[in-house]
Amino acid sequence: MRAELSDEIVTIKIQEDSQRAISLNQKSSFGKLEDDVLELSLVEAFYLMEHGRLKIYQKDKKLEENVIREIIKEKGVYGKYLVYRDLKNRGYIIKTGFKYGSEFRLYKRGKSPGEGHSDFLVKVVYENYDISVLNFSSYVRVAHGVNKSLLLAVVDDDEDITYYEIEWTRP
Amino acid sequence: MRAELSDEIVTIKIQEDSQRAISLNQKSSFGKLEDDVLELSLVEAFYLMEHGRLKIYQKDKKLEENVIREIIKEKGVYGKYLVYRDLKNRGYIIKTGFKYGSEFRLYKRGKSPGEGHSDFLVKVVYENYDISVLNFSSYVRVAHGVNKSLLLAVVDDDEDITYYEIEWTRP
Amino acid sequence: MRAELSDEIVTIKIQEDSQRAISLNQKSSFGKLEDDVLELSLVEAFYLMEHGRLKIYQKDKKLEENVIREIIKEKGVYGKYLVYRDLKNRGYIIKTGFKYGSEFRLYKRGKSPGEGHSDFLVKVVYENYDISVLNFSSYVRVAHGVNKSLLLAVVDDDEDITYYEIEWTRP
Amino acid sequence: MRAELSDEIVTIKIQEDSQRAISLNQKSSFGKLEDDVLELSLVEAFYLMEHGRLKIYQKDKKLEENVIREIIKEKGVYGKYLVYRDLKNRGYIIKTGFKYGSEFRLYKRGKSPGEGHSDFLVKVVYENYDISVLNFSSYVRVAHGVNKSLLLAVVDDDEDITYYEIEWTRP
């Protein structure tokens, strides 16, 4: 499939690849349909690119994977991408968690966003971070308030990811 | 209605479409009347185009929606467009907020720019941004100085928009 | 009144100053009663000290205001103290906002914690900070979820404080 | 019951109070039996003292609660004491978590240390702390390695305690 990068959004024209582009959205919850195009975030587009399902062009020049990776790193969301890829590979449906102050909300395998509430909010941090206990409290509070668990995803220096499930509790 | 794209401005000649073009400006506050033309920003023009109210030509060639969308993305104002469309769909009258350092100024439903001051300044940011507290302070200060509230519009990775109303206050 | 500093907690023995110590807690919501002592946080104790209502000792040595101020700065909560003092001077009852991921929760003048819910959550930041839009979203979400407004308190380099009231809104 | 404070350990001589002292250890898991004495930590001893079950002497002088509280504060473990008391009041059996790098290990109500493994490791932090992600990871790792959950106990400025249950997970 062919897509175009512009303004940090990657666009697939649906008339060119109608079946596959619509299926990406309807079956796999990628991107957002806008009239006659499917718009993907950089993170979504790079995932498809890495898996050989998307070629990305800019003004008719085909871009290398490294170019997209660099753009993602410059935006400071490469750790976010690594967690996205890992969770996607595990079969999750992933949507932004922005309204909840977290990177992602996560739907269990086989459950689509339309069918019900998400199960997890995912917060991405790096191995070398310090987390303020106040912010930690805020993340868990939001998750608790909407009946989700918080999944803390720690990206280490080897780009491996460790997950911690966190619940507010009264022991 | 037919309009002409040239130098990132979209122009409707009034002799061609006098009633409708003037009404766009007088009743819906689109664009700016200049002699015998109504000049629309790309954002305004694309909104009308997406809603089937405008056809845009360049040197007698009719442009596809995708072409205009691409131009908007290349200018780096697609997030701004998404917020414009969302607020327009909610019934607001929207003018540029350029003089106030914000993307838009906003008039409540049923209130026209001529009738009084706008109610909001709208600042558009993206989910993955960091806002410097200094800039934040500056946006609110400007809004307060002209008796408006600041509306922070955050475009997330799913292209949904979350709004925060912000007021300077002495508690 | 005399108090003792130890382990970052300041303790007033109630038998020494029963009326005044109990009144601090019952009428002004300072500290926490523990058996026969009133325990104050450093922030509370320094406020009373600055207002000439408390002398703080450590092993029978009377401490200067500067010593306490230095301890507060070393703990990284001097900005928090400045906001506490300012809000206290304006007549608010102030309790920790920890469970909500914010520095304080705030009760309007004349309203005590026992009488109802707090009105504001207060988040303290510094003029030179960058706020991630994600964290911002998290703070507002928590406040919204418990029917409070978020009060963002910005401490500038002159130690003046500017307040912004923030509400999640659908315009 | 009478005990003796010496060198930050509180000792009950068993010949004096055999039944009750042995029962404290056997039924309620307080302290450690050493020959003819039961040794209590300061935290354990102060808990019993606050609940009217222990009088503490030093060289035949009966000590006030305030004196023990001060010693605990001077050792910098008053937050640890507050968490101990809260969990004890909730019916848990509590032993030191020192070997696991945590403050406590915790046995569910009605389960004694002899009957099986503890259920939780408890890590005590304060509201104003930053936690390094590396340390956080280490606490959870240790807990996971011995089939326990990590309970993060946060002591806030009002001396209330919020608990978070944390599990290493593969989502």
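Letters A, B, C and D mark the chains in the order given here, with residues in each chain numbered from 1 onward.
Following the convention adopted for this analysis, a contact is a pair of C-beta atoms (placed from the backbone, for glycine too) under 8 Å apart; a residue touches a chain by one contact, two chains touch by 3 or more.
Since this is a predicted model, take the numbers as computed values, not measurements.
Novice: Among the remaining chains, which ones contact both chain A and chain D?
Specialist: C
Novice: Please tell me whether the contact surfaces of chain A and chain C are same or different in residue numbering, using the over-half criterion.
Specialist: Same, since over half the interface numbering is common to both chains.
Novice: Just grab the chain with the largest centre-to-centre distance to chain C, centres being mean Cα coordinates.
Specialist: B
Novice: Specify the angle of rotation obtained when superposing chain C on chain D by their C-alpha atoms, rounded to a multiple of 5 degrees.
Specialist: Roughly 70 degrees of rotation.
Novice: Can you give the whole-Å distance between the Cα centres of chain C and chain D?
Specialist: The separation of the two C-alpha centroids amounts to 29 Å.
Novice: For chain A and chain C, what's the span in angstrom between their mean Cα positions?
Specialist: Distance between chain centres: 38 Å.
Novice: Can you give the whole-Å distance between the Cα centres of chain B and chain C?
Specialist: 43
Novice: When the centre of a chain is set as the mean of its C-alpha atoms, what distance in Å lies between chain B and chain D?
Specialist: Those two chain centres are 62 Å apart.
Novice: Mark out which residues of chain B touch at least two other chains, giving numbers and ranges.
Specialist: Residues 127-128, 154, 162 of chain B each touch two or more of the other chains.
Novice: Could you classify the connectivity of these chains, where an edge means two chains touch, as line, ring, star, complete or other?
Specialist: Shape of the chain contacts: other, as it matches none of the listed patterns.
Novice: Each pair of chains that touch: what are they?
Specialist: A-B, A-C, A-D, B-C, C-D
Novice: In their shared complex, at which residues does chain B touch chain A?
Specialist: Listed in rising order, the residues are 50, 65-66, 69-70, 72-79, 127-128, 154, 156-160, 162.
Novice: Touching chain D in the complex: which residues of chain A?
Specialist: On the chain A side, the touching residues are 87, 90, 92, 106, 120, 125-134, 136-137, 140, 151, 154, 162-171.
Novice: Provide the residue numbers of chain A that touch chain B in the complex, in ascending order.
Specialist: Residues of chain A touching chain B: 4, 6-7, 9, 11, 13, 32, 34-37, 39, 41, 43, 75-77, 80, 95-96, 98-99.
Novice: Could you list, by residue number, the parts of chain C that touch chain A in their complex?
Specialist: 98-103, 133-139, 141-142, 145-146
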